[in-house]
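When the chains are written out, they are named A, B, C, D, E and F in that same order, and each has its own residue count from 1.
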Amino acid sequence: DFMHALQHDCKPAFGSSKQELDKYLSSGILTWGESVSRVLQDGDMVISQIKTSDQTSLITMLLEGPPGAGKTALAAKIAQRSDLPFTKLCTPENMIGYTEPAKCQEIKKIFDDAYKSPISCIVMDDIERLLDYVNVGPRFSNLVLQALLVLLKKLPPKGHKLLIIGTTSRKDVLQDFDMLPLFKSIAHVSAVSTSEQLIHVLDSTDAFTDAELDLIKKKTSNKRLFIGIKTLLTTIEMSRQMDSGERGEKLVCLLEDLGAIEF
Amino acid sequence: DFMHALQHDCKPAFGSSKQELDKYLSSGILTWGESVSRVLQDGDMVISQIKTSDQTSLITMLLEGPPGAGKTALAAKIAQRSDLPFTKLCTPENMIGYTEPAKCQEIKKIFDDAYKSPISCIVMDDIERLLDYVNVGPRFSNLVLQALLVLLKKLPPKGHKLLIIGTTSRKDVLQDFDMLPLFKSIAHVSAVSTSEQLIHVLDSTDAFTDAELDLIKKKTSNKRLFIGIKTLLTTIEMSRQMDSGERGEKLVCLLEDLGAIEF
Amino acid sequence: DFMHALQHDCKPAFGSSKQELDKYLSSGILTWGESVSRVLQDGDMVISQIKTSDQTSLITMLLEGPPGAGKTALAAKIAQRSDLPFTKLCTPENMIGYTEPAKCQEIKKIFDDAYKSPISCIVMDDIERLLDYVNVGPRFSNLVLQALLVLLKKLPPKGHKLLIIGTTSRKDVLQDFDMLPLFKSIAHVSAVSTSEQLIHVLDSTDAFTDAELDLIKKKTSNKRLFIGIKTLLTTIEMSRQMDSGERGEKLVCLLEDLGAIEF
Amino acid sequence: DFMHALQHDCKPAFGSSKQELDKYLSSGILTWGESVSRVLQDGDMVISQIKTSDQTSLITMLLEGPPGAGKTALAAKIAQRSDLPFTKLCTPENMIGYTEPAKCQEIKKIFDDAYKSPISCIVMDDIERLLDYVNVGPRFSNLVLQALLVLLKKLPPKGHKLLIIGTTSRKDVLQDFDMLPLFKSIAHVSAVSTSEQLIHVLDSTDAFTDAELDLIKKKTSNKRLFIGIKTLLTTIEMSRQMDSGERGEKLVCLLEDLGAIEF
Amino acid sequence: DFMHALQHDCKPAFGSSKQELDKYLSSGILTWGESVSRVLQDGDMVISQIKTSDQTSLITMLLEGPPGAGKTALAAKIAQRSDLPFTKLCTPENMIGYTEPAKCQEIKKIFDDAYKSPISCIVMDDIERLLDYVNVGPRFSNLVLQALLVLLKKLPPKGHKLLIIGTTSRKDVLQDFDMLPLFKSIAHVSAVSTSEQLIHVLDSTDAFTDAELDLIKKKTSNKRLFIGIKTLLTTIEMSRQMDSGERGEKLVCLLEDLGAIEF
Amino acid sequence: DFMHALQHDCKPAFGSSKQELDKYLSSGILTWGESVSRVLQDGDMVISQIKTSDQTSLITMLLEGPPGAGKTALAAKIAQRSDLPFTKLCTPENMIGYTEPAKCQEIKKIFDDAYKSPISCIVMDDIERLLDYVNVGPRFSNLVLQALLVLLKKLPPKGHKLLIIGTTSRKDVLQDFDMLPLFKSIAHVSAVSTSEQLIHVLDSTDAFTDAELDLIKKKTSNKRLFIGIKTLLTTIEMSRQMDSGERGEKLVCLLEDLGAIEF
């Protein structure tokens, strides 16, 4: 009956995955460099377009970058800033061990729910994982791939609007799958790559003494770095296991083990 | 009983997918160039033949061209102009996540319904997607492929007529699948490729000032362009996010990012 | 009981697929060249042998030639001329979307029915399609292939006789599948390949004026042609959409588009 | 209960597939050459051994040779001469369209039945077909293959004896499958290969006049021939469709078409 | 209840597969050479270790050698000599036509039963067959392979001991599967390879006269032989079909056909 | 109801797999070299971090090294030392013969249980076996792989913490699967590789006399060794089957057979 339909169909429009998104933002977003602000600005652009343009009923954005660069957190942040009433997370974390058809149904359900709201946002995290992709073979779920290839260009029903924000660390794979042209806006999420950016991040934690920071500065200045913000925060936390005073040396040591400092 | 059969069998003959087709025509058809009219004329030819020729009970037409070139909209337009009472859309958008046998049954049902009407039209959109095709492997649904290879040449029952309009952006793949010779008429849907054509499209929107149009003209004249009408309309909408006056520059910028302007 | 068995087992002996075969003969058989008569004569040979030879309980014939050359029509014609009481059509058109086992069962049933009649004929149309064959891979149904490899050499029960007429446009594929040696008689169905043959066909339609025929003669004489009779009849029908007088030019034009005229 | 078990278990011991084997011997065995007698002698050897040797509870024999060489007929003949009470035919003709597990169960059942009789014979016809083998790929049923690899060396229960006679035209494939060493006796079934052998066969039919035989002799003497007895008998039957007097020429003609006469 | 559990769990501890093992020892073990005793000694070693060492709860032994070399018989002999109360045969002969999961369950059950007895022995015959291995492809059951890779190193429950004796003629395949290092003791089962060893075997049968033995000696002395004991015993039995006096010549002849005598 | 939930959800928090882990520690941990202590220290680091750091809710550690090097025992030891209330073993030994989906569900269940406890530890043993990996092909379970790729980076629910300790002898395979970067701490488990280390192990057993130890020292000093501790302990136990006095020679002999002593 009507009441049931109302409850069932409209509930998703309230609250939706907003709390779930918070989880990916627990460490906040440090603006350690210009590239961070640029991604957020690009996000603001697409939000504004989906909200205001009459001609636009579907807009798709992709955040791509190396593992641990902060793609999921930035996608969550943009979705949060959009403040759209129905925001839904489509993530492999909720589909562990699903068969291909089950995965497809789950994804389809998320879109069907979104189509019911006048204006919605879907965060599609870790697309290569949704596709069960692995380089060996390569192997992947063609059933899910085909579903995504259709869903990423299917217009919502008349009078409805949809913003899709995807993330991936395998832009090359999405290219091979003819999926890249389906994203109308593509933003690169960079790794931390200069000594200044590194120090900016370290400063914002209370883990290191000034002497330690000086040491790190000396050992990294004029060198190219390459480390995702997530990996960097983990490494800082590891150094913190050392007694104060020894943490600077430890951090440099761990970064070298990771191959994050150019020689 | 008879009444049931009547209702069940004849209903499809009325209305059918006509409203659904409208969805793909929401932005209308701009005749930005000669190639647009040629495709529509070719469409008129096949419509006339299926309607008048006694020897013709099946006619098949393919619209092929690059992604976003306007294939689906033109197929919908031709179907609409045919004004055939039973017109049905066979699109991957209605088969998301279907297993291969389910997809096959759905397609077969559309044809079986069409065979019941004295004269019908089927728009078969995005054939490479119906086939679950992906270059990697390559992988595809052989079950669907074999069904299409038969359906595209099977004559309707005596006294019945059928017009099939297919679309694809992978003519090469259809060639590999021995499917191309099954289309008796093949029309190429072109991308916008000259500065004049571009300006024609821009003019027809109210997005740009004369000064902006002049700027765009200057930056693109005597250059080869390559951009599908769908992609172009999206790009215009993006530029519109800028304040008036800055949109011309933005458009050229976005076109360059897309690799749509020859250097 | 006996009555049931009689009805069930003997019904196929009457009528069988004869009407269905007519469908493939709607445009008749034009004897546009010597190769047409030769195929029909070969057919008469095998019919006579299956009917008269005591040592022959199974005979198999293959009609092979390019797409649209008239293979199905000629197989239907030969079956019709055989005037055998039980004649059955085994065609992919009746098995669209069947799974491999379902296809196998269907084929097996046709043979089991045939074995019940003292003397039967099976037309096995488009063998590469029965096998779900596609070059890409290549992929095919091994289940169906193995069934055919057995059925094409299995003798009918004592006192029963069977004539099998197959068609294919992929003789090469049947060779790879070790299926070719199982056909005791192999006839090639040719494409129309000389100007005289072309004019013979055009003459037999009322589509062209004498002036048009002269034009066509001039444009094609001393050139090699290559076009199947089915494709040719379709092309004629397309030309007929033009006003009388313009059809000759149109036909030549269409033939050139098809690559049917040597340069 | 006991009576049931008796009936159920012992019935196979009487009659078994003997009538079925007759079907493959309808044209009799012509001893057109020494190689025919040699195969029959080899068969007598293994029959004698399985019957008399205390140390032998399992013996396996393979007849291999080109398509149509008479393998099945000779295997049936040997089984018939063995006069063993339980003789069973294991042939792909009885397993058309079976899934791999169904095929396996059928084969296993034949062996289980044989193990119940004190002394049994199994004719395993067309092994490459039992294996669903095709060169393309290659593809085959590994389930059936593994079953055969075990069954061909598994000893029957204490006090029971088993003779297995296999046939194949793909000795090379059986080699690849490590199946060849499991056959303790391997006999080659030859094609007819000299003019004398050919005339011997023709003489034994009443199809040709003396003049025709002379002609054939002249055209084939001192040439290498290569034609299986089955194919040869079919070809003779085809020639018989001609009027007497023209059959000799026709036969030579057909043999040349088949590539059966060396140039 | 307890009584049921006792009966159900303990029954396997008595008798187990001992009678079944006898079947593989029907022709006894001839000590035709030093290599035979060495394998039996190696077997005695592992039996002693599993029985006496406190630190050893699992021991694994592999008998590998060419087809027909006597691997199964020697494994059965060693198991018999171990005189362990629970001895179980895990052989493909008992799993014909099983699907991969059924095979896995059967194998797992054998191990689970063994784990219930304080000390057990499992003979795992023809491992490449348990794995459904075939060179073509290659193809094999990964489900069974993974089960074996775990079972061959999984320690029995506290206070329980297990001896596993495997056989294979495809040591190379087990190597590719990383299975070889899981066998702590590996014994090579040799083929008969000298004239003296051959005569030793022939002597132990009553098939040949002294004159025949002399002939064989002369024809084989100073030559390398290569024939498994099982194949040799079969060959002797075949020769026995000849009249006394002709058997020596026949044997040499058959050995040459088998390629068992170096030229 | 609440009581049920309490019992059901909280039970795993007590005891968990601790007894099961003991099984892998039955021979204790000999600190035969510096590399042993280093691994244990690394373990202490991650335990301390998971317990104390507010920023760390998930930590992952990998023990990798050659077969038999002691990976499982060391992982069990570290888990034991962590003294975390909920410690769970995820091992292929408990999933023998499971289908891929069953394996996935089992693994998922272990994680879901762990997420319920405020702080948990999962030992994931023999990851290449969990993945059903085999070099031939290669073949593996992509379903399990994808589950692990997600589970190894999925954060536990707010307020919960998880330590994952994995083991593998195929670091190269985990690299190919993009799994390596998911382990934040990677420790190498070494083989015994010097004479001194060997003697240290031998000394700790009571198997050898002083004379024997001297002999072994002489035969191995200044040579590179390569033998995992597990394999070494097995080899010692084998030597012990010899009478005292002969064991030293035997041990050296066995080590040479294993290729454990450099020449």
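Going forward, a contact is a pair of C-beta atoms (placed from the backbone, for glycine too) under 8 Å apart; a residue touches a chain by one contact, two chains touch by 3 or more.
None of the values given here were measured: they were computed from a predicted structure.
Chemist: Going only through chains that touch each other, how many steps at minimum separate chain B from chain D?
Modeler: Shortest path length, in steps: 2.
Chemist: Can you name the chains that touch chain B as well as chain F?
Modeler: Per touch definition, common to chain B and chain F: A.
Chemist: So if I look at the partners of chain D and the partners of chain F, which chains show up in both lists?
Modeler: E
Chemist: Between 0 and 180 degrees and rounded to the nearest 5, what angle rotates chain A's CA atoms onto those of chain E?
Modeler: 120
Chemist: List the interface residue numbers of chain D and of chain E, divide the shared ones by all numbers used, and answer same when the ratio is over half, different when under half.
Modeler: different
Chemist: Determine the centre-to-centre distance between chain B and chain E, using the mean Cα coordinates as centres, and give it in whole Å.
Modeler: 68
Chemist: Whole-Å distance, chain A centre to chain F centre, using C-alpha means?
Modeler: Roughly 34 Å, centre to centre.
Chemist: Whole-Å distance, chain C centre to chain E centre, using C-alpha means?
Modeler: 58
Chemist: Would you pick out the residues of chain F that each touch at least 2 other chains?
Modeler: none
Chemist: If you start at chain A and step next to chain B, which chains follow, in turn, all the way round the ring?
Modeler: A, B, C, D, E, F
Chemist: Which residues, counting only chain D, touch chain E once they are in their complex?
Modeler: 45, 48-49, 52-53, 55-56, 101, 104-105, 107-108, 138, 140, 142-143, 145-147, 149-151, 154-155, 158, 176-178, 181, 184
Chemist: Would you tell me which residues of chain F are touching chain E in their complex?
Modeler: 23, 26-27, 67-68, 92-93, 96-97, 99, 126, 129, 132, 134-136, 139, 233-234, 237-238, 240-241
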